[in-house]
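In the two assemblies presented below, chain A is common to both, partnered first by chain B and then by chain C.
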Partner chain A sequence: MDQNRQGARASYVVLAAFVAVWVLLPSAVRRFNREAFVEFQAPALHLLGRSRDLATFFEKKSRSAEELAAAGRDLARINAALELKLKTMEDLRRENLRLRELTRYNVPAEYLSVVARVATRDSSSWWQRIVIRKGRNDGIRPGAPVIFGDTVVGRVTAVHLTTSEVDLVTSPGFRCTAYLEGDDQNRIVLVNGVAANSLGAAKARVSVIPYDYLLPAGTPARVTTTGMGGVFPSGLTLGYLDGGAYATQVGNFKESLLVPSRDLYNLQEVSVLVPIHQTPGEALMQGDQFQ
Partner chain B sequence: MRDPEDTKVLPSTPVERLRLYAVFGIFALGFLYVAGGLAYRQLVQTGDLKEQSDSQSRRVILRPPARGRIYDRNGFVLVDNRARWSIKADLAALQKEFRAEYLRLLAAERARQAVQIDTERVMELARVNVLQGWLNKVWFVIDENQRTTTKRPMPAKATPLDPPGERKVNIEDLRKHLRERRAMPFTLVRDLAFPVANVPAGPEEGVKAVARFIEQFPVDGPIRLESDIIRTYPYGGMAAHVLGYVKDSDDLPPNVEDIAEIRLESLQKLRQTGKTGAAGVELSFDHVLKGLSGWELWTKTSSGYNQTRLKYSEPVQGSNIVLSLDLRIQRATEQALAEIKDPQGVPLPAAAVMLDVHTGEILSLASQPTFDPNRLAGRITAADYDEVEQAGAWLNRATQGLYPPGSTFKIVTALAGMRKKVVDWDDILECGASYRVGGRDFPEHEPVGYGEVDLDKMLAISSNVWNYQVGLRAGPEALAAEARRFGLESPLLETTDGPDAQGRSYTELPYAAARGLVVPDREYKLRIKAGPWQDGDTANFSIGQGYLLTTPLHMAAFSASLARGETRTAPTIIHDPSRSGIHAGSSPIGLSQAQLEAIRGGLVRCVEEGTGRSARIQGLPVAAKTGTSEYFKKGEKAHLAWMIGYAPADRPVVAFCVLVEGQIDTNTWGGKTAGPVVKQMLQAWADTAEKSGQAPPR
Partner chain C sequence: MTMGWAWLFLLLATYPWLLGADLASDALAPSSLVVFVTGACLVAPCRRLKRWQCVLFAACLGFLFEARRAVPDGALALTLVAVAIYLSSHRALLRTTPRMLQGAAAVNVGACLAWYAAAALAAPSSADGMAGHLFGQLLLAAVVGVLGFVPIALTQNAAMDRLGVPPAPETP
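And then the complex of A and B:
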């Protein structure tokens, strides 16, 4: 009995000593430990992601030949349509270049696209975050936008050796400027994630909507990136305005909620747009670069 | 075994018992005193103590409302509110950084072996250093020219555009903030769209600065982005004298109905600076535009920082008002005025007014030089103030400028003569090169004279001699009475009508001339101690010179009255589609139809073939009278160019007045200088009327 008590006491003492040592450690050591722990669990995250991929592979392999043939036909049609679109886009690109030269328009930020598989999702009520299987080794840098197709998924907040953490559009740590569909004057609004309650769907808030902005009739209004902040390219879809919550008016502006255009928790693959040139925001995120 | 006697604890003797009871009694009394005091405080003083506690631990922050918008008569927004994005530092969240910097500086001071360390100064320096560090980071992000080519980027450098100290934390501002508004975040950049004070970044650059901060600056941390409302004037200096501008104000009424449950007077109040009208409609209709402040009830920490928000209420935006101005006519008027320049290419001081003949609603009212109210919407700097002051742009020349009306007054002389029956419309007077009055020759402006002149010809050529003769025949009393009958000495724009006036009298445009207006007579000349009235004074008076002083708005109102055949027009700046067109104090002009027709004919002839030919518009009959009066500028004679009238001549809809202040070295004449402005104003009106389906006859 006494031995048990002594054992319990000793464990408390050890815990207290560990906490005390942790608190007193220099921040560099603590950061090193955290990094080491993340790197330690990275293989497990990779394994988890790969096993999910494997499960998907076998699930697809079990499909019948007829199903695969139908899917192949559909893909061929989509490919044909996309090829046609590609040619149109090429014409537009040339025209765009010509106009830029004429107007001496500053070339917007350029990016390298890095495709990354999603390793795991952290969909707790506080952090709307995913972990991707690409990291510093693959050239990912903090602050880089993360997209899927023409849709914004979020942006990289932490980069480790082989993994990176991505704050989703619905994360409280996400903030960007946007245009609203139907606003002829292209006035910027602010999009930032809100902490969802544990059972509610994750959404973001759209604020500083001009008082005279009217929702386009029929379809929900698309919310797109402005490309003015130097992080996100312009014209990417952030989501759609939630028409139901739209009427709120704060001061001289309106507020609304943003419904992400994709199911952010079922993403398998994303693209990270790594800016070719470092942005000031990126330098700030690295912290120690500023005196 | 213990002896039972040993357990006996109470004293056995009466003395001992008495002593014990006395002690019990004292304790009981003490307890009762404490209990009674507690009960008194809990039951009787609860309210007072709670209030005292609340006042020590809570505060109310009043948030200013958005002002109402101002529209023109067609619904175009003339004054709006825009989002102002400010960057603020949360001082409570920076406490740790302040402390760390303070200790570092203190250690440095000790290392220097300073004899006496002023800890207050060190703390202040620590705060400034920390805030400056954050401000550098902010600039590093928002300045698009910043390049991050080096591994270790340096803090942003000032560009040639930046006034000295623009990117520095102002220590005086910080001191004031800590003294008066410690609980509020400290402003690092007041307006992201205009990050360099009063130097507009340009629409796109401003938005880019906002976007760069939003997307690149860390979301968490002590530096916050806040948006509030600021007044914006989308057309810059257009109609600035009508619209006015706003200035900072802490005295904005809260939404009292919401706050009734809170005893506001006992709480500490922090007011965020709002805006109040400082000039123009912004000032005269401030009671309509200003709205009601919102409020937030906070608990506060012992250091005075905000802790928890308990309750809040949103601000209530002010009401909108609709002005009678027509944006398109106003723009055309100002563009036309801007084209009149002195030999150095500087636009001449000028004013122009256009009225709706029937309702008196002002369609355009311009004064030159003007100012950009956007530059005054934030914080008015001494440099901005001086610039406007030196340009003489504060003065609204249309409503406040006092000028002799010159030959435009000859219409009044003619009216007085006909009403006194000393002349009639078809009387012909001999008009030579001059007219002798009191031993002095009063000249005609045509060196050889005009010969035989009737009313029609007089109005077309603006003969002086005709007016000398008629003025002297009618006498100064008749001239003064006629001028007063048309309200040339009465203040304008005073009304009890309009939005939210609630029966009270007010002036629609502040400081409109009221006292300085002069219609001279014998008493006036004696009052100003200028001696007895002479015939020469009458001659001068008859051609709108001498002591006579009026404003362009008065002359525009006179034109509108003449166009309707009445004596008074009450101009107004507020648009009201249901306006009756009845003008207070107005009566029929008191002339025969033939006399009225003769006046109209003379005014049309003035434009068709007389002095006002520069205002002629193909297909639009215009009735107008030009005037070139003399005034003294810096002790030397200069000319004022006038043109008043109405159009279309046969079915009047609009009346106008244009005045240009000539300079000593400029060649300024009524028809030649003011005529082109009238022409452009009328063309803008005709285009507008045509587009809105009220096509003027062409």
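And then the complex of A and C:
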């Protein structure tokens, strides 16, 4: 019995010493340790994602031939409409290029789009994340914006060999500048995620709203990216203002909540926009302690 | 198979339960609640494994949870190591099934509180009115700890039997 107590005491002393060493260890060691445990779990996450895909496949395979024929017909119609749109867009692109050459306008950052399937979603008060099944091997880099259609989903915060973690728009670590619909002067507001303190859907906060800004009547105001800072391309939808804007304690600005325009936890697939050239934001992200 | 690696094989046997908890967390993601079973996974091995094995097992359990989450490195793992040392030194506390169930709930809630507090300290922004959410998270951890403990312990005991780990003594 005494031996047991002595052994326990010695273990506590060793643990205390280890905690001290752990705190003093270079962050690279801790990061390596974290990376090792992530890579250990990566195959299981891939398996999980693929099993889901397989389940969806068999669910779709069980549909009747009539249903498939109807879906094919609808898709053909949509394709025809999109082809027309594509031709219009091509004309606009050419005109845009010509005007840029005329005015010697700086070309904005260009992106390479990588489509990735969502492996898992993980959310608590202090983080709202999804894990995608593409990583360093697929050219994904930290800081890259993640979108679905024209909607911002979030930003890549950590990249591993075959998986990446994406902080959603509503995650406390997310920050972005934005424009508000209905503000003719295009004044910049700040969007940042907030810790979720209710069981309801997570939201982000829109701050630094000019005091004289009036919400458009009838429809919720759309919040779009500015393109400044070099992370997100301009004009992407971040979400909509939730209800009214209220004055801050200081009273110079107003604040409001942002509701994401899509249910971020129901996405099956997202696109990662990897900048062709490294952005300043990426360099900053590489120094983040907790990724 | 040598007894020395029992903790590692036990970890592999426990991992499907951790993955299942991740899947459940995935389903609960819109409510911002995490299905946390890491603490409950620690209780049964602490009855039978040697202390150093319990320590390694607890550290790996903690690091597996922390790996993909914004929790300061080692916060949960080192807390679980301390719990493992305590449990493996007071095996009498885990002698009966009701005591083990109580232990599973207590350890799961304690570990959940540890990661929540650590994540709050590391969070980039502060938050108001978190008490309700924290209460919900701890309540879920307690319920999951109790409900999940029996199947997890059965799996772990079966794995330890196959690995040749001696059974827990009647009078520790």
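Methods note: the second predicted complex is superposed on the first by the 252 of 291 C-alpha atoms of A that agree within 3 Å, B and C clash if a C-alpha of one lies under 4 Å from a C-alpha of the other, contacts with A are read in each partner's own complex, and residues count from 1 in each chain.
Simple rule for what comes next: a contact is a pair of C-beta atoms (placed from the backbone, for glycine too) under 8 Å apart; a residue touches a chain by one contact, two chains touch by 3 or more.
Note that the structure is a prediction, hence the values are computed from the model and not measured.
Residue contacts after overlaying the shared chain place A:176 against chain B, while chain C stays out of touching range. Of the two partner chains placed by the overlay, only chain C lies in contact with A:11; chain B stays clear of it. Touched residues of chain A were counted for both chain B and chain C, and C has more of them.
Once chain A of one complex is fitted onto chain A of the other, the partner contacts of A:226 are limited to chain B, with no touch recorded for chain C. By the touch criterion stated above, A:30 is placed in contact with chain C alone, chain B being left untouched.
Once chain A of one complex is fitted onto chain A of the other, the partner contacts of A:188 are limited to chain B, with no touch recorded for chain C.
When both complexes are overlaid on chain A, the residue A:38 reaches chain C alone and has no touch with chain B. Of the two partner chains placed by the overlay, only chain B lies in contact with A:253; chain C stays clear of it. Applying the stated contact rule after C-alpha superposition, one finds that A:128 touches chain C and leaves chain B untouched.
Judged by the touch definition given at the top, the superposed model places A:120 against chain C, while chain B stays out of reach.
In the superposition on chain A, the residues of chain A contacting both chain B and chain C are 172-173, 192, 290-291. The touching residues of chain A, when paired with chain C in their complex, are 4-5, 7-8, 11-12, 15, 18-19, 22, 30-31, 33-34, 37-38, 40-41, 44, 48, 120-129, 131, 158, 165, 172-173, 192-202, 263, 265, 290-291.
Partner chain B is touched in their complex by these residues of chain A: 143, 172-177, 188, 190, 192, 207-208, 226, 228-232, 250-253, 277-285, 289-291.
By the touch criterion given at the top, residues 65-66, 81, 83, 133, 136-137, 140-141, 144, 146, 148-149, 151-155, 207-208, 210-220, 227-229, 294, 314-315, 317 of chain B touch chain A in their complex. Chain C contributes residues 15, 19, 22-23, 25-26, 28-34, 51, 55, 60, 63-64, 66-74, 78, 81-82, 85-86, 88-89, 116, 119-120, 122-130, 132-134, 136-137 to its touches with chain A in the complex.
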